[in-house]
Amino acid sequence: MTPMLTPLDRSQLRAAGVTEPWSYGIADMVRFYELDALNHVNNVAYLRWFETVRVRYMIDYGVSDFSHGADTPQLVVRAATAEYLKPMFQNERYVVTARTAQMRSASFTMEYAVFAGDLRATGTAVVVMMTPDGGAKMPLPQQVRDTFVRRDHARQIT
Amino acid sequence: MTPMLTPLDRSQLRAAGVTEPWSYGIADMVRFYELDALNHVNNVAYLRWFETVRVRYMIDYGVSDFSHGADTPQLVVRAATAEYLKPMFQNERYVVTARTAQMRSASFTMEYAVFAGDLRATGTAVVVMMTPDGGAKMPLPQQVRDTFVRRDHARQIT
Amino acid sequence: MTPMLTPLDRSQLRAAGVTEPWSYGIADMVRFYELDALNHVNNVAYLRWFETVRVRYMIDYGVSDFSHGADTPQLVVRAATAEYLKPMFQNERYVVTARTAQMRSASFTMEYAVFAGDLRATGTAVVVMMTPDGGAKMPLPQQVRDTFVRRDHARQIT
Amino acid sequence: MTPMLTPLDRSQLRAAGVTEPWSYGIADMVRFYELDALNHVNNVAYLRWFETVRVRYMIDYGVSDFSHGADTPQLVVRAATAEYLKPMFQNERYVVTARTAQMRSASFTMEYAVFAGDLRATGTAVVVMMTPDGGAKMPLPQQVRDTFVRRDHARQIT
């Protein structure tokens, strides 16, 4: 079966026109329900794409398995931004990328981008790690920090 | 780049556990935004999948290119149904299939199914072909009829 | 504050042009995100409206409080249908109605309609009541049956 | 019929706990489809609320009637942000507010907020005015500027 939402490796990303510093991304295609009455992709749909790649990234980077189990830290989006550079249309194929740029004690800032040949949109999200019951902030485990540094060259912000 | 929403051929469908009479389908994967508060795929999301495969099918079968151009017939959904057989969950891979089962003078009935190993859901839609300005029903072109018969064994209903 | 999604009583429904047998409905208004590239309300959006009125109905009729608590039966949609009679557009005000037409031992069939001056769409859903853990079907409590009969004239199907 | 999405006047806003500088807002209620698998309002849903109040605001302030007509300037969102302060849950009633804070020659920056008793979220959007064919930026008409200043105390940014 055709692999879907499978993370692309660095060489696949470069072949798709995705430049440095991106090393994690998934390919997808514009769907009819993402268009609005102006017949282009609605600006909110990009936030959905950022969410889709974020969830996948969290699993692949070992941050959370989204099992909602008693040992699973909760990840809460505290802030989000998006910049729209060029419109997108029905059936366009694109790659949406994700990386962690900065870490603080219990939160981290992710960056996103959408490429379809050229760069179409960028975004950010501030994600806070909470205890499994959601009651308090939780320091990022060292293993997660190491992964963010190794794979994304994330910087520690004091 | 990884092919996305690419129609699967008959042998790929069979390899994915999709049985007769299906000969058209696309592979996809459950996304976080398709879950609801019960933590399974919301029943409305399946209708989105049927829409996604329907739009793709219309293009591939030469029924409409969705260009909204002056020569493009409009396709209007007049009725829709869905039956939910088993729940679906985050990250599940599935194939959603489509075929035209029946044709009338200016409309046709499509059938859909969702397979993820086994059958999870089925659906139907009655689609009416309208003139490009949307003002009147339009008979199905003979070429479209022939394609529905040849590829889907669609039956003519008088 | 302006009451929102507040159920309309029978006289308010009649004033809004909603005919018999409807006695439960909520008023709302088409939003931009419910339009698709054809600039009318997408056919899937109506299913969202049916869901919104259904959730509210379940609470008001005492069927479920959607608390996901250990004593709360789960309500699962087993089938859904919609018929589209006339298109709807940005900013149109409408009333979406709900009633239970038929009851079986552990399930019931609801009907829905959308009125905006005249009738725009209808729908149905088959809802199955499950035990709180979702493991088995659960007979409809007598109190729920009585409410369906008293308020909606629901018929028992053997 | 119950007024829906009707803009609240200043005294209604104050009665709903909406503080200065907000003078435009609409009341609404959390719907089931806005919840995600964590059982609270998904962070993307707030962007939908900002869109809904923005479209209504544009019509009421005389910026655009969204008719897509040959004389109607196009409004394009160039950037969007959201900050999430407290979670929101099923059936919560809220007011989402909008104002224009800054104007440039062919664009303006809007601010949004969500109140449900207390402040739950804030957001911004940079909106660019384009010619009806979407081909070029278009200076904000003087009448629009005057309205932004008079109603929202918008500041001109050179």
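Chains: A, B, C and D, in written order; residue numbering restarts at 1 for each.
As a working rule, a contact is a pair of C-beta atoms (placed from the backbone, for glycine too) under 8 Å apart; a residue touches a chain by one contact, two chains touch by 3 or more.
Keep in mind the model is a prediction, meaning the values are calculated, not measured.
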Can we say the copies subunit B and subunit C touch using the same residue numbers, with more than half in common, or are the two sides different?
same
Relative to subunit B, the most remote chain by C-alpha centroid is chain D
How many Å are there between the centre of subunit A and the centre of subunit C, using C-alpha atoms for each centre?
36
From the C-alpha centre of subunit A to that of subunit D, how far is it in Å?
26
Scan subunit D for residues touching two or more other chains and write them down.
32-33, 37, 39, 44, 48, 51, 66, 68, 90
Going by the touch rule set out above, what shape does the chain contact graph take here: line, ring, star, complete or other?
complete
Residue numbers on subunit D that touch subunit A, as the complex places them
37-38, 43-44, 47-48, 51, 66, 68, 74, 76-84
Give every residue of subunit B touching subunit A within the complex, in rising order.
1-6, 8, 12, 15-16, 27-29, 31-33, 39, 48, 51-52, 55, 59, 66, 68, 90-91, 93, 95
Partner subunit A, residues of subunit C touching it in the complex:
32-33, 35-37, 39, 42, 44, 90
